[in-house]
Amino acid sequence: MYKKLRPMDLFLRGLIWLSAGVTILMTVGILAYILVRGVPSISWSFLTTAPSELTGTIGILPNIINTLYIVLITLLISTPIGIGAAIYLTEYGGKSKFVKIIEFTTETLAGIPSIIYGLFGFMFFVVFMGLQYSILAGGLTLSIMVLPTIIRTTQEALKSVNPLYREAALGIGATRVHMIRTVLLPSAMPGIITAIILSIGRIVGESAALIFTAGIGVKMLKLTPAGVFEHLETSGATLTVQLYQYAMRGEDLGVSFAIAAVLVIIVLLINFATKRLARRFRCG
Amino acid sequence: MENIMETKSLHLYYGDNQALKNINLQMRKNKITALIGPSGCGKSTYLKTLNRMNDLIEHVKIEGQVLLEGQDIYDPKVDVTMLRKRVGMVFQKPNPFPMSIYDNVAYGPRIHGIKKRSQLDELVETSLRGAALWDEVKDRLKKSAMGLSGGQQQRLCIARALAVSPQVLLMDEPTSALDPISTMKIEDLMVELKEKYTVAIVTHNMQQAARISDYTAFFLVGEMVEYADTEKMFSMPSDKRTEDYITGRFG
Amino acid sequence: MILELPKQAQREEIYKSRRNKKAVETVFEIIFILCALVAVISVVIITAYMIFSGGPAIGKIGVKEFLFGEVWAPTAADPQFGILSMILASIYGTFGAILLGVPIGLLTSVFIAEIAPKKMRGALRAAVELLAGIPSVIYGLIGMIVVVPLVAKIFGLALGMCLFSAILILAVMVLPTIVNISETSLKAVPRELTEASLALGATQVQTIFKVQIPAARSGIMTGVVLGIGRAVGETMAVIMVAGNVVNRPELFGSVRLMTTGIVQEMSYSSGLHREALFAIGLVLFVFIMVLNLILNAVLKKGAE
Amino acid sequence: GCASKENSSTPSENSSSAGSSSSQSDAALSGILKLSGSTSMEKVAKAWGEAFTAKNPDVTVDVQLGGSGAAVTNVNDGVSDIGNLSRALKDEEKNGLTENTVALDGIAVAVNPNNGVEDLTIDQLKDIFLGNITNWSELGGKDASIVVVGREAGSGTRDGFEEIVGVKDAAKYQSELNETGQVKNLVATNENAIGYVSLDYVDDSIKALKVGGVAPSEATVKDGSYTLQRPFLMVTKGEGSALAQAFLTFALSDEGQEVAKSIGCIPVN
Amino acid sequence: MENIMETKSLHLYYGDNQALKNINLQMRKNKITALIGPSGCGKSTYLKTLNRMNDLIEHVKIEGQVLLEGQDIYDPKVDVTMLRKRVGMVFQKPNPFPMSIYDNVAYGPRIHGIKKRSQLDELVETSLRGAALWDEVKDRLKKSAMGLSGGQQQRLCIARALAVSPQVLLMDEPTSALDPISTMKIEDLMVELKEKYTVAIVTHNMQQAARISDYTAFFLVGEMVEYADTEKMFSMPSDKRTEDYITGRFG
């Protein structure tokens, strides 16, 4: 009954540790490399100016603004639609054929590579709708792209709302819409916010779909009422797209790494936020 | 004796599967009717047909009549939300909403159009008193209902149901999740409630049925085998199967 | 105890249906349906666009010439549009990434789900999620600056931009997908099975490989299929490390995948050339759809 | 010459020739002007954009890339107002487009600064790009295989280079890149690479070879002795919008040409 | 009478919560020992200490001794897998592996190094016969075990446990998920098994304990209140609480 050595066990255990080690070292390595090379190049003027050919300076403020713009447009469009669709799927659809079709198409949308969204967005929004390379075209394209994320995450959140709440509300005589508004959505809110944050992550990280739709402009936002809207019509590189531009040209790798560091920090924040929410979700 | 609810040759099918077979039952006003029977016999299903909670389930087919004070509740003209206001339900597992105690109780009245604060306050108090919970929670009405104990939550659910002043209160194993002390409190409560309400309760606990109910219906695989005065049912059941079940020979 | 309830809350006729309440219900249901329809319409429009803008080109070029032609010379005087090399490069790249990524990913997920000390698991999961969240362009950047020169040095290549570099980058990129999904499905293996195995005197490692992994099979397969999807569709990271010349794929040669082929020439192309690029998109699209169907089949089988 | 910012400070005395609209309407100009196309022209287009916006604060000049081929497509599709080409229009492209030569440019043959080779003939270039010569030692360099890099198929630089060197559609590249800057980057970081870039991109990180004994510079491009050269074009659909015309007028004005020169381009005369 | 397992002043804590208090119990060889008591009293916990399945749970602290044929199984030198081979376990819910019937039964032997086909075939057959399942499944050994009925699955789990030829078989409410007919088959089986094995069974069903066990231990909130000959326990329990429980006065 006493302990003995099992070589096969040890070997497999070793493989598992090795794989995990590779994954961890890689993650830490990538992170450290980017931060070490990037953070020193981040300066106040780097974050708060626009690049200029005339003076030869580089700044990423327009990219930050463009990123915010695209995040905002995308969410403004896709969040209400996504939540509405999720509500339909979980609360109204039942198991009908229509629901199956929608779920299948949502899966499909989720699986389409972003380059295809880029192609489609270019043909449909840029050329066909005449939006040209513009932040608006980029936002519209991404709205379709993040739709499945929002639908699915919201659906999960709605499904995980205690089914007893539904019965309880209906059992008292609440209408379905009332039940959704007063019980379902508040309970699902952390999940919905998670969906939104996940989408932000996706938008911030996107490049292929944006290069052909939102383009690579680096124009400063004009702080006039008209300018705020005009900005939608100009092309605009998000941070990620700009990173791609600089990296490919290799003119100043410090700039590429600085943007990469900014992006990594954003991703860290996003992950942190989702974690926090998920925790609240579980307790609530 | 007055009947408040009545089912006439009720058949219910989940898809192809018949869950209720020809149920004829008259529920007496201001009495407690207990539904007993082994698991899966259709007790919950029957209860749900009484306030149309089955409407939420797909592929349910219902035949026969369910009358509330003589009106057929499955009449297409019936407003389901009004029906459910009149026939309230308390579920097996306490299911308070994740909001404050006050809002839980006020939820129903608000739905049904009561907006005035003073009126709501009053309703919340009377309902909580009615559910024998007022003293325990009166100082924490604004606190989340999720912080209550299981027994308190269940009484809160009862208060919530009372707040819309139903005529009939359906309770599906309301004490199965509770400890003995909470159970006792809720049993006492039911007995009090019957002065103003009619109560139907599903229970697995024979002693409970015997203790609190006036009438008992025994269900078996979708059929109602016997329906009688509780005392009679437990002392001399007329059906062999009832006897077997009550004496614990199966189930 | 007597309940005193306000008069307003007294009996009401159950027939007295409030018409506006019904109307509100209906209006909202319609709004929700419309929202749900957006997804369907998007897919329909995208599919239609892909077919209408890519289909004709395949017709003009000829299915065989297009899919199996090896010469891609879109702007030559006598243009040729053969994408076999790109298709093969995509397949090899994906296959390589999966070959590297799946074992490492699966074992890492085993580590996180079963082996790692409880306190470490949270950190590990966070690390993997971070890996998943890093924009692909950053992988491309790391690939360009670190991997490509390293590959060139180790294998003595003149230029490190090659299929192998692309595979390495893609493997890292599919890793989090595989780890996450495998870990979830490993955790979902009923505890009873694990207990049963241990109670029979199996060691933890035996239990993992003989019971838990087989029981989590369909989830792991899902991860692999999704990983394939990610690898096939990845563009920007690949374009930064693969060299992008249309060559018959060799491990250490410059290659152009389908995705990068589109990006490379999309913005300036016109006429048949542009249609041909859409046709590549269409091929990719069909590829992804087929994957999706496979995924659904896997999931359905898992559900049984 | 056009080689770098430092040595191109002589003020230009050229006057604009193509534009005709007057400058008094500048004050009224507003809106978004969209440019796209040549990556070689990115710097000059953006520089003009900045200078133009400085004069007309309500105008936004939005510069996209894509390569010279994209310029024609985009202008025809209405995606851009002005298309930038680093080559002449082909006959079949001329339909309905108005072209303006806004600057001249040399195509520099770029190698790594550590490369010992200094001078190549057009024939040697041809052999290199056709894959007949594959080792630097055949050209007097060290023993290392040549890494040939080029641009994508719609590039004006590639078009011009292949045309002049005589390797049209026959060049064998080891890497095809999308932008001038990418080629420069690769050559700057790979000791054995050879590529071609717009002259105004040449700086210390790469070395521009002499071609047939002639070093590329403003003078040699202008007098035609450096043969690897091409024009920078801006095209519009028809006449182009008023805004586009005003922009072109500005680009061709003394002020505009001065801007071009300041970032390393060769003004048109 | 020979004791095969024995616990001496066993205390078990889940974190701060003491789940077992000073348990002293001698399990007789080739007998069936039943563990009864209300929910949460520690029956399952006790069973799991006997083959160290508690090791899987965090924050468990164990004091006292558990001896298997005189050896302390919590000795750090003990190989847990060998221990579990000797002390097998069958769980409340049937938990066959999602593989063929054959592979389920052969799982344990394979793990313990038996590779020869003929030997495995024989083991599978004897184990399935031992679990009274052979006749029902002999023609579908290669079919998935998931296709068996609940009762068959439970017997398969017993066969799987028998295949590693344990000395002691622990069963935690093995029939609670089963229909009466399957229950009867498994009860018969247990009685047969005790000729070769020692069996400990947790059950909620007093009748079952009375029917099949030789000895009965009654647990209450972590304590072993009474341990006696089954017949004696059910006819004249020496503790008032045992009597109350057996006669259904609480629980």
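Labels for the chains are A, B, C, D and E, by order of writing; each one numbers its residues from 1.
Here, a residue touches a chain if its C-beta (ideal position, glycine included) is under 8 Å from a C-beta of that chain, and two chains touch if they have at least 3 such contacts.
Values in this document were obtained by computation on a predicted structure and should not be read as measured data.
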{"item": "Contact distance in steps, from subunit C to subunit D", "value": "1"}
{"item": "Pair joined by more contacting C-beta pairs (A-C or A-D)", "value": "A-C"}
{"item": "Most widely separated chain from subunit B, with each centre as the mean of CA atoms", "value": "D"}
{"item": "Centroid distance [mean C-alpha coordinates] between subunit B and subunit A, Å", "value": "47"}
{"item": "Whole-Å gap separating subunit D and subunit E, where each centre is the average of the chain's CA atoms", "value": "84"}
{"item": "Junction residues of subunit D - those touching two or more other chains", "value": "36, 64-65, 177-178, 189"}
{"item": "Touching two or more other chains - residue numbers and ranges from subunit B", "value": "81-83, 85, 112, 164"}
{"item": "Sites on subunit A at which at least two other chains make contact", "value": "175, 248, 250"}
{"item": "Footprint of subunit A on subunit D - complex, ascending", "value": "5, 32, 34, 36, 43, 46-47, 50-51, 60-65, 77-80, 177-179, 181-182, 184-186, 188-189, 259, 262-263"}
{"item": "Residues of subunit A that touch subunit D when the two form their complex", "value": "52-54, 56, 126-127, 130, 132-133, 215-217, 219, 222, 230, 233-235, 248-251"}
{"item": "Residues of subunit E that touch subunit C when the two form their complex", "value": "51, 53, 56, 58, 81-85, 88-89, 91, 93, 95-99, 107-108, 111-112, 157, 160-161, 164"}
{"item": "Subunit A to subunit C touching residues, read off their complex", "value": "6, 8-9, 12-13, 15-20, 22-24, 26-28, 30-31, 33-34, 80-85, 87-89, 91-93, 98, 101-102, 104-109, 111-120, 122-124, 144, 147-148, 151, 175-177, 180, 201, 204-208, 211-212, 240-241, 243-244, 247-248, 250, 253, 256-257, 260, 263-264, 267-268, 270-271, 275"}
{"item": "List of subunit D residues in touch with subunit C within their complex", "value": "36-37, 64-74, 76, 144-147, 152-154, 169, 173-178, 189-190, 192-193"}
